[in-house]
Amino acid sequence: MTQTVPNIDTVRELAARYNNWGKWGPDDELGTLNHVTPEKVRAAAGLVRKGKVFSLALPLDQNGPQTGSFGRYNPLHHMIWDGGDIISGAQDHLAEIRYTDDAAYIILQSSTQWDALAHIFHDGKMYNGYGPELVTSRGAARNGIINTRDRMVGRGVLLDIPRHQDRRWLEPGEAIQEADLEACAQAQGVAVGEGDFVLVRTGQIAQRRDIGNWGDYAGGPAPGLGVSAADYFCPRDVAAVVTDTWGTEVLPNETPDVFQPLHIIMLLNAGIHLGEIWDLEALAEDCAEDGVYEFQLVAPPLTITGAVGSPVNPQAIK
Amino acid sequence: MTQTVPNIDTVRELAARYNNWGKWGPDDELGTLNHVTPEKVRAAAGLVRKGKVFSLALPLDQNGPQTGSFGRYNPLHHMIWDGGDIISGAQDHLAEIRYTDDAAYIILQSSTQWDALAHIFHDGKMYNGYGPELVTSRGAARNGIINTRDRMVGRGVLLDIPRHQDRRWLEPGEAIQEADLEACAQAQGVAVGEGDFVLVRTGQIAQRRDIGNWGDYAGGPAPGLGVSAADYFCPRDVAAVVTDTWGTEVLPNETPDVFQPLHIIMLLNAGIHLGEIWDLEALAEDCAEDGVYEFQLVAPPLTITGAVGSPVNPQAIK
Amino acid sequence: MTQTVPNIDTVRELAARYNNWGKWGPDDELGTLNHVTPEKVRAAAGLVRKGKVFSLALPLDQNGPQTGSFGRYNPLHHMIWDGGDIISGAQDHLAEIRYTDDAAYIILQSSTQWDALAHIFHDGKMYNGYGPELVTSRGAARNGIINTRDRMVGRGVLLDIPRHQDRRWLEPGEAIQEADLEACAQAQGVAVGEGDFVLVRTGQIAQRRDIGNWGDYAGGPAPGLGVSAADYFCPRDVAAVVTDTWGTEVLPNETPDVFQPLHIIMLLNAGIHLGEIWDLEALAEDCAEDGVYEFQLVAPPLTITGAVGSPVNPQAIK
Amino acid sequence: MTQTVPNIDTVRELAARYNNWGKWGPDDELGTLNHVTPEKVRAAAGLVRKGKVFSLALPLDQNGPQTGSFGRYNPLHHMIWDGGDIISGAQDHLAEIRYTDDAAYIILQSSTQWDALAHIFHDGKMYNGYGPELVTSRGAARNGIINTRDRMVGRGVLLDIPRHQDRRWLEPGEAIQEADLEACAQAQGVAVGEGDFVLVRTGQIAQRRDIGNWGDYAGGPAPGLGVSAADYFCPRDVAAVVTDTWGTEVLPNETPDVFQPLHIIMLLNAGIHLGEIWDLEALAEDCAEDGVYEFQLVAPPLTITGAVGSPVNPQAIK
C-alpha cells in the first residue's frame, strides 16, 4: 500500500497501525527504547571485537550546517579565561597554577543530535498522548530527552544505502523505501531487529564535503527515508533510527499533505527516537572494509532538564 | 616522601617525576589516553555482564551547584518553539506536524564535566609543552577536548572511599592519600592498572543532598585527593581520574604554595584527563550490592571545536 | 473608594475606569506615550538649564540584583577578543591595528528596564485588546518595546517620597498612595500632567546599598505604589511611570486576589509604560539641592524586534 | 600632505599630531567627550525646535547585517515566558495576572553601536596609554564604554555627503576626504565645532535596502572616511564621529600598511569615540526638507561593566 504515493490518509493509517501509546503504560516516556533490555545491552557489548571507536559527531562550531533556516544557528563558543589572560598576568593572583575556561551557546538540534519524544506533535498530542501544555517556555515536563539519559546504549546497525548501490551518495529528493532497506540489510548480511539502533547512511555529508560547503543541507532538499520505511522499522521494534541528514526524511516529502510524515508515524506514534546529522562516513568505510555492519552504540544525550533534543557525540564501538 | 606536608618543591619534584611530555611524540594531545589501546577497549566491553547502565551526570539546570564562584554559573535553557506556540496556532503554517525546539547556554565546566589538557597551565606551559598563546579567545588550538572525541571509552573502576571506611561520606578538608586508594582497591578486590578510568567517590554529592542544598560545593572546602594520590595514579598509567567533587583535590589544598597541585602534576605533567562533578551515587550502590567495582565506561565529550572542557553524560555499563 | 483595602473588584473597576483601549485606534501600540506630542518634546528640552546629565541605569553585570527568582538572572558578559590575545600575538595577522570585541547574554528585564505593553496580560488580553497568540516564541508581533524606539523622550518629574517624609527610604511593604503622591508633588512644587514621565523614588536601592547586598530586592517585599496610585496617574494622562524597585508596586500587594494589580490597571488597561529598577539616587540628590524636580528625560529602549521589555540607560538632563 | 596616498608614516604622523593622551590627566577615559561641557549640553537642548525624534538604530534581529565575518553574528532573541504559556495555562498559579519575559544574546558591536576607547590598540597601547593587560577575559578595566554612561549627550550635526553631491549614495571604495566634509558642511550651512557629535552619511544603508539584502555590508568594501578626515575632525575638537557603515573608514583602506588607520589616529590617539552602523536615512530626509542639519543627540550606551562597545538606540531630537 505504501508503495503508492502517500498522502494524509496513508500517514494517518500508518500512524494508527504502528501506534504504541499506552503499550508501556500511561506514564511511559521512552517509547521503543523499552525494547532495549539489559540482555540487549549485554549482547551489544559482545559486538566489540576490534576495540575500535568511532565518534559520529560533527564538530560543533561555526562551520556547521545551520544557516538560520527554521531559526537554527551554529553554536557560539566563547572563552571565559584563556591563554592571553595567562600571558598578560590576569591570573597572577593564583598560586602557581593558571587555567582556561569557556562557555557555549548551543541550539540543541543544530548539529549531531537526538530528537526527544517531546519534539513532535500532531493533532494536539505528542508521544503517548501527552498534550502540548506540558512543553512550556520552561521546557518539557514529559518526554524530555533527559529521560533517555541511560537508555541510549545498545546494538547499532549501519545500513549503507549508497554503497550497497555502488554509489557515493544519494541525491537530494531520493527516497529510501522499505524495499531499499531490506535489500541493503540482506546484501550486507546483517539482521535488523528488536531494540536495535539503526543508522541509515544516505551519503549526503560526503556529498557536501565533495562540494566544499553545506549549502542547503540544513532544511533543503535531501535524500532520506520515504514513508514506507515505517513498514520496515516499526514491525521490527527497533529502538531508534538515525540518518546523516538534517531531517531523517526525504525532502521534499513525498506528499505536500504532511510535513515530515515519518516523524508523525515513527517518533510520535511508534515512540521511536530519531537521530539526525550523524556523521557516518568513517564508520561506513570501516564497515565496508571488514564487512561487519553491527557494533555497540553508546550515544548518551546531555542531561539538560526539560530539553526537547540534545547534541550528542555518539560512539560506535566495533 | 609525599607523606609529609607537600609544598612547592614536592609539587615540582612529582611533576618532574611523572612528566610524560614527548612520550607520545611532540604533537601528542591525548596524554595517558594513549594507554587505552584497542585491546583495552575490547576488554572493557567484556566487563558488561548485567546489561545495566548508569548515567553519571547531574541534571543540567538551574538547580546545579554553581554560584558564580570562579565566574561559573548554572546553565540557562530556553525554548525556541514550545507547546504554547502549538496551542496558540503559531505553527499553523506547517502541514499537519507541529514541533518544539530549544537552546542552552552552558558554561562548559559548570556541571558533570571533563577538563581538557588545555585547561591547566604552569610555568607558562600546558601538557606536552604547548604555550598559552595557543589558547586564544577563539579557543584552544592544541589540547582541546575535541581530541578525545573517540577516546573516552575503556575500563572504569570505582574506588568508593567512604564506603570502604564505613562512612556515608568524607568531610570537607579530608584528603584521600595514596594509602587510602590502595587500601580501598584491595578491600574491594579490584586492581587499578594501565589505561583505566578511575572514579573516586568521596560522597560529597550525597552529603549535599542530605543537607538539601549545594552550599559551597562549587569551589568551597571539599574532600578530595591529596598530593600523594599522584604516587598512586601516575605509576599505574591510568587513563583518567574522576571524582564526585568540583575540583578533584582536597580543599583547602595541603599547601598554600600551589593552588590545585594535582592538576599540575597529573593533568599538566602526566597528561591525565580529570573528570569532575560526576554523580557516582547510584553506581556506588550497585557496586556495593554486587561487589563488582569494574565496568565499561563510555564518556564522550561534546565535540566543541576549541573547547577546554566539556559537559558529559558518562555511561557506566555493568 | 480605593482608600479601603482593594480586592479583585476594585482592580476590575479601576481597570475599566482607566481603560484606554481603542482611544488611539484599534492598531495602537503606544498607549499613553501618545500624550507625548512634539510640542511636549520641545517643551521638555526647554527644561535643560544646567546641562547636567544623570544616567539612571545600574551597571549591567553579575553584581546586579537578580537571584534566579522568576527565572531572571544577572547578565553574562564575555570577550570575543581581548587584550590577552593582543599580547599573545593572536591578532598579528592584522596590519598594525589590534582590537577587542565582546558579547553579552542579557535577560531583558533583569536590571534597569522598560516593560513593554506586551509584558502583561489579564483575562486573555494585553493592551488594546490584543491576544496572547500574538506573543509567540518568536517574540511579540504587537505591543513590543521596539514600537517605542523614538517615543521615550519628554518631560521627566521626580517624586522623592522618602525625602519628602524626611526619611532615607521607605521600608518593604510600605505602600505609596494617591495622597502621598499628591502631597509630595505639592511639597516639591512640581506639577504632574499630561505626557509626563513620572519617576517615583522609594529609596529601596539606597537601602540595599546601606545593607551592602541586594538581598531579596528582586521579587521580595518592597515599598512601592499602592492601587490608589492609579487614581493619581491615570486621570493626569501621564506617559509613563517609573520606580527604583523591581516591580513598581508595593510587595506584598495589598490584596492576595491579584498579583501586581497596578500592572493590570495602568500598563494593560491604561497603556502606561512602566520602568523598573531605575537608580534615582544621584538625581534625587541633585533635585534636593537645587529644588528643581523636572527635567528632560531621554530613555530609549534597545530596538530588539519582538522584545517584551528592554534594558535602558535613561538620561535625565537638567 | 594627506592629499597624497597615505601610508604607515602618514598614519604615525597624524597619530602623533592629534594625540590627546594626558591632555585630560593620566586617568582620563573619556577622550574628546571632555569637550562636551555642561554649557554644550545646555546649548544642544536648545536645538530642539520641532519636537521631532529620530531613532537612528537598526532593528536588532536576525535580519541584521552580520554574516560571521570577524566573528560577529546577528543577535539571538528568546522568550522566557510567552503568550503560548498563557494560553496553555502554564501561569495559572499566578493570581489573575499573566506575563511574558525574554532574553537576548547580543554581540555588542553587531548592529548600531558605539566603539569604546578600549576597542582599539596600536603599538601595545589603547587611548591614553593604557596597556592591553587591562582588557582581560573579564572585560576592560579601563576605557570601557560604561565610562560614557552620561556623556553621550550633546549637539549632533549631520553631514549628508551623497545628497550634497546629488547622489543617492557613495559607492563601496569611495573615500570621503577633508575637502568633502568641508564642502558638505558649507553647502548645508552648518558649522562643525568643539564637542559636536558628527554624523556622516554615506548612504550605504540606503544602497543595501535598494538591493534588498545586506550582502557584504559587514566587513566588505564600503564607502567611508579617508585618512585626511582626521585633519577635518581632530583640529575641530569634535566629541564623536559616526557613520552609517560597518567600520567608519573607506574599505579597502587607502593603504595596505594599516588596517583601519583612522581608528588608530582618531579613536586611539585623539580619543574620539566612533559610532557605526547608524541608520541615518530618515533623519537625512528630514534635514533635507527643513534645511536644518543640527539637533540634540542623546545616544546612551548600555551600562555593561567592562564592555568594549555597546549597542545603542541613538535619539536625534530636532
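Chains: A, B, C and D, in written order; residue numbering restarts at 1 for each.
Everything that follows uses one rule, which is that contacts are C-beta pairs under 8 Å (C-beta built on N, C-alpha and C of every residue); 3 or more make two chains touch, one makes a residue touch a chain.
Just so it is clear, the model here is predicted, and its values are computed rather than measured.
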Shared chain contacts [chain C and chain D, defined touch]: A, B
Same-site or different-site touching of chain A by its copy chain C, using the half cut: same
Mean-CA-position distance for chain D and chain A (Å): 45
Distance between the centres, which are taken as Cα means, of chain B and chain A, whole angstrom: 27
Contacts with two or more other chains, residues of chain B listed in rising order: 71, 76, 78-88, 90, 103, 105, 132-133, 136-138
Touch list for chain D against partner chain B, complex: 71, 76, 78-80, 82-88, 90, 103, 105, 137-138
Sites on chain D touched by chain C in the complex: 8, 11, 37-43, 45-46, 48-55, 57-61, 63, 70-72, 75, 77-84, 86-87, 94-109, 112, 118-122, 124, 131-140, 146, 149-151, 153, 256-261, 263-264, 296, 298, 300-309, 311, 313-315, 317
